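Structures are listed in the sections that come next.
Shared between the two complexes below is chain A, which has chain B as its partner in the first and chain C in the second.
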Partner chain A sequence: MSEIALRNVSRQFDPEHYGVKDFNLDIHDKEFVIFVGPSGCGKSTTLRLIAGLEEITDGELWIDGQLCNYLEPKERGMAMVFQNYALYPNMTVYGNLAYALKIRKVPKKEIQERVHQVAKILEIESLLDRRPSALSGGQKQRVAIGSAIIRKPKAFLMDEPLSNLDAKLRAQMRVELLKLHEQLGTTMIYVTHDQTEAMTLGTKIVVMKAGYIQQVGAPAKIYNNPINLFVAGFLGSPSMNFFKCRIKAEADNRVALVMEESGQGKKFYLSDPLTKRMGITANGRQVILGIRPEDIYDEDGARELGIMDQTENMEEIVVNREMTGAETILYFDEQNKTHAVRLKPENKTQTGDKIKLYFDMEKIHIFDPETEKNLLYREEVQ
Partner chain B sequence: MSQAENMALPIEGQISRSELLEIKNTMNTRALAKRRGRTALRLTANVLFAFVVLLPLLYAVSIAFMPSSELFTTELNILPKHPTWSNFINAFKNVPLLKFIMNSFIMAGCITIGQIISCSLAAFSFSFLEFKGKGILFMLVMATMMVPGEATIISNYLTVGKMGILDTYPVLILPYLTSAMGIFLFRQFYMTFPVSLYESAKLDGCGNLRFIVKILIPLTKSAIGAMAVYTFINAWNMYMWPLLVTGSNERRTVQIGISMLDSVDSQSITLMIAGVVMIIIPSISIFIIGQKQLIRGMFSGAVKG
Partner chain C sequence: MGKKTAAKINPYFYLVPSMLIFAVFLFYPFFKTIYLSLYKTNKMGEAKLFVGLENYKALLSSPSFHNSLKVTLIFVSVVVIGSMLLGLVAAVLCNKAFPGIRFFSTAYALPMAIASSSAAMIFQIMLHPAVGIVNKLLNLDINWLNDPKTALWCVAILTAWLNSGINFLYFSAGLGNIDETIYERASVDGASGIQQFFSLTLPGLSPIMFYTLVVNIIQAFQSFGQIKILTEGGPNESTNVIVYSIYRDAFFNYRFGSAAAQSVILFLIVMVITLIMFRMEKKGVKY
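And then the complex of A and B:
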């Protein structure tokens, strides 16, 4: 059982500089919470505040109903996995796993049992006599996780634990972490800047920027319903495309977004539900249209989906083409920025060719250019 | 037939396989000869240079075995014509050299152990702990390195004089129980130590002292070795301070003892050199034993890795 609550938590480094500001979050038992954001957004600092490695300047940290601001790290019952593994080089794998228990004066026999049990879970039984220097990156990672598990902590804190591994091993460890979470049923708090990790691992994502929480929610919900321009652009790869547009009220109550600048003055008609949700549709108001690369289609795709005649299409010149095997990603320039489209691999358009693109208007997002808020944000979905 | 043998050579037809083998062999021999020649040249140059550097020391050893009549002649005697042990025997007879060597060992040993303990603890707090004024305090410690020892020697003497510990072991040891150089050396070494290891230990429930004893010290053996060799040799070679604070043969260190061999009444260079040769032996052997550690420790932190 572990309920962690952060109330208005701040960490001030110097009079003007905050690492984390006004952080409010409830972490429930058995959740897999991911702190994600660009580097310097305060995600690691928050984790260290929970661990007790940094001092909380302001606010309260509650763990299982106990105020923990002033508790020593070891009294908080957390276990942490570091980016560089932090294994003791002078001890064997067995020694590393057993160390925390030894300090806590657990009887030798029990230590032995637990070490073997953990080694079995992580499949490192054959490595117990080795020193960390004789292990590969993936093995070190397992040992690091093992020495966290063995203490049966209230929660695991993981600070970018997979970022030192190569891509293949990372994908493999991701799966194993998920399995482990299921098996142990312990709360996990995980810091990463990798949004794939965030999307695949988390039951709850906390998107941060410059020390502030931007949005909290389940991965799919945040992905489909981002609260603002930053969250929309941060999650997803390639990231969401943004176009500057102006609202134009047409006859028969239809509302269109008109592409600005070099955008050929194309009109994109909003469906009635979207118009209603957006609320203010003042004629001439500037907005930002956001659409994910997978919601833009070529002619074949649009015909299949039946969105061909819903809106006007855009004719663009492909400036770059990436073929990943399962999909083709085309890039085109518009409004002095490069945008991406994710298409089926059958699309054979080459660099320099022209292509007609169709937007799925049900999937668009509309942002206010000043407040950067999502005008189509749905509160109730969170 | 293996695949390699099946493959056609790019120049097959123009040259036969046996001819090709012959060319390969001659080229191999030539490359080997060239490499051997280069090694020989390098070795000769090194031996020559080492000889030039070691000449004074070798000459001293040679003099130590000469009767004094051989040294004070107009001829150049590089090697003793009638080698003798008498200089060594006389050196032991004239002054209580063994007692002096003993004193030096006690002094240098205590200073070394004291410095390792105090410097490693100080360096730990400078590199792992966060406290107010850490930067300024460290700067102050470093600043003391710029004060020459001679400048403080009088005030130090007055202090220990008032304490009434002149001519004792503590007076030889106490003022040298810590050193800014040692703190600096250890701190540099600890800086290369991943902080996450310390944090991980803290989360494991490991206290500071336990961390130092169980994790930090085992992992910084080479720094400790370097520090020990450096401190021991420095303490062994101390002259001014022991001369000032010791008065009796009971507490004199070996460096002062040696100078006692040379007096106005009995001036004998050969006797003195024999003494010097004897007392060099401990410091040289310490250096030989610890040189690997010394080099590794001194250059640690110079490059990452």
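And then the complex of A and C:
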């Protein structure tokens, strides 16, 4: 059992600088919580506050109903995996795994059993006699995780544990971490700046920016229902496309978004329910239209979906083409920015060609350019 | 001369300047000392009568030399342990950032810059039986430098303090090389400060510890200035370390042969200790 609650937690570095501000979060037993955000957003600081490596300057940290603000790290019952692994260089792998147990005066025989047990889970049995300097990155990673799980802690705190690994190993370790989480059933709090890791690992994602929580929720929900422009742009790869548009009331009560600075009358028609949800539809109001690359279609796709009449005059010149095998990603320039479209591999449009594009208007997001809030955000979905 | 032979000989010319310096200041005095140790000399220090190993035999059977060996051993042990402990404690204290750290680091490194003779003068005043601050503070009445029981300890502690400055620098550099995050991991793992010190800091310092130990031992064997000023080998030969005994034999008793023989023995002792330590390092220091 471990319930971790953060109440208005702040970490102030000096009178003007906050690492984290007013952080509120409930972490339930067995959750896999991901703190994600760009560097400097306070995600690592928050993790270190929970571990007890940084001092909480304001607010309360509760672990299993106990106020933990002033507890030493060792009294909090957490285990942490560091970005650079932090293996003890003077000890063998065995010594590294056994250290936390040894200082707790666990009987030697039991230590031996548990080390071998953990080594077996992580497939590092053959490395037990080696020193960290003789290990590869992936092996060090396993040892670091091993020395965390050997203690059966209340929660695992992981600070970008995969960021020093190469892409292939990272994908592999991701799968293993998920398996491990299932096996151990322990709460995990995981910090990353990699949104793919966040999406694939987490049961709950906490998106942070500049010390503040932006949005908390399940990965799919955050992906489909971002609260603001930042969250929308941060999750997803290639990231969401944004277009500056103006609302225009058309004949027969239709409402359209007209692309600015395009001059060709690129226009997207809103459905009635969408118009209602958006609320303010003042004629001439400026908004930002957000749409993910996979929600833009070529002619064939649009015909299939029956969404051809929702987009007008959206013709673009392809500036780059990426063929990944399972899909084709085309890039085009609009409003001085490059945007991406994710299409089926059958699309043969080449760089320099023109292509007609169609937006799936049920999947769009509309943002207020001033507050950057999502005007279509649905509270009840969270 | 062919090009090939020129290419072969050329590199050696580059060695000439340093070899010349070594020859004048190291090799010549070294071999001259060995040469002198086999002779009886006149008062000008010129070798006059070849006596073979007679000087060595006389030394090894002399109670005064035995005493010198014993005193040196105690002196070196106290100095090495004391100076390394002082340097280590100071370096560990200064390893954390806190206000005034610069002042403290400078203070701890300062002994390095103090001449041993001036430090000795200050200690002489501090240890003065009538006006010295040590007796005043401790409310004692001990004639520190004239009591055979305390004199050796006084010079040894002074020397330890003098040598601690450079050790502070070595250890500070060594501590800087230890990855900060392993301490964070250890504190989350549940290790106390003392456990962290013994299981992480000390092993982390072991490579530099060895080097520091060798340098300290050699340095301690060669201490002279502070002994000359504070005790002149006395009282009752209780601070008559080998280096001071060499000085006395050569420049007071004009027995250059015997002094040279003592130098050779001192050289052998230091060399053997250093060799043993290098042998041990290969087995002991793992990193």
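Going forward, the second predicted complex is superposed on the first by the 380 of 382 C-alpha atoms of A that agree within 3 Å, B and C clash if a C-alpha of one lies under 4 Å from a C-alpha of the other, contacts with A are read in each partner's own complex, and residues count from 1 in each chain.
Convention: a residue touches a chain if its C-beta (ideal position, glycine included) is under 8 Å from a C-beta of that chain, and two chains touch if they have at least 3 such contacts.
Nothing here was measured: the structure is a model prediction, and the numbers come from that model.
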{"item": "Side-by-side fit of chain B and chain C on chain A, or clash", "value": "clash"}
{"item": "Partner chain in contact with A:Ala100 - chain B first, chain C second, else both or neither", "value": "both"}
{"item": "Chain B versus chain C as contact partner of A:Ala218, first or second or both or neither", "value": "neither"}
{"item": "Touched partner set for A:Lys74, first chain B, second chain C, both or neither", "value": "both"}
{"item": "Contacts of A:Ala86 with chain B and chain C, given as first, second, both or neither", "value": "both"}
{"item": "Contacts of A:Arg131 with chain B and chain C, given as first, second, both or neither", "value": "second"}
{"item": "Which of chain B and chain C A:Leu184 touches, first, second, both or neither", "value": "neither"}
{"item": "Touching partner for A:Leu274 - first (chain B), second (chain C), both, neither", "value": "neither"}
{"item": "Doubly contacted chain A residues - partners chain C and chain B", "value": "51-53, 73-74, 78-80, 82, 84, 86, 88-90, 99-100, 103-104, 147, 151"}
{"item": "Residues on chain A engaged by chain C in the complex (per definition of touch)", "value": "51-53, 72-74, 78-80, 82, 84, 86-91, 99-100, 103-104, 131, 133, 147, 151, 157"}
{"item": "Interface residues, chain B side, partner chain A - complex", "value": "194, 196-197, 199-206, 210, 215, 218-219"}
{"item": "Contact set on chain C toward chain A in their complex", "value": "179, 181-182, 184-192, 195, 199-200, 203-204, 206, 286-287"}
{"item": "In the complex, chain A residues that touch chain B", "value": "51-53, 73-74, 78-80, 82-84, 86, 88-90, 99-100, 103-104, 147, 151"}
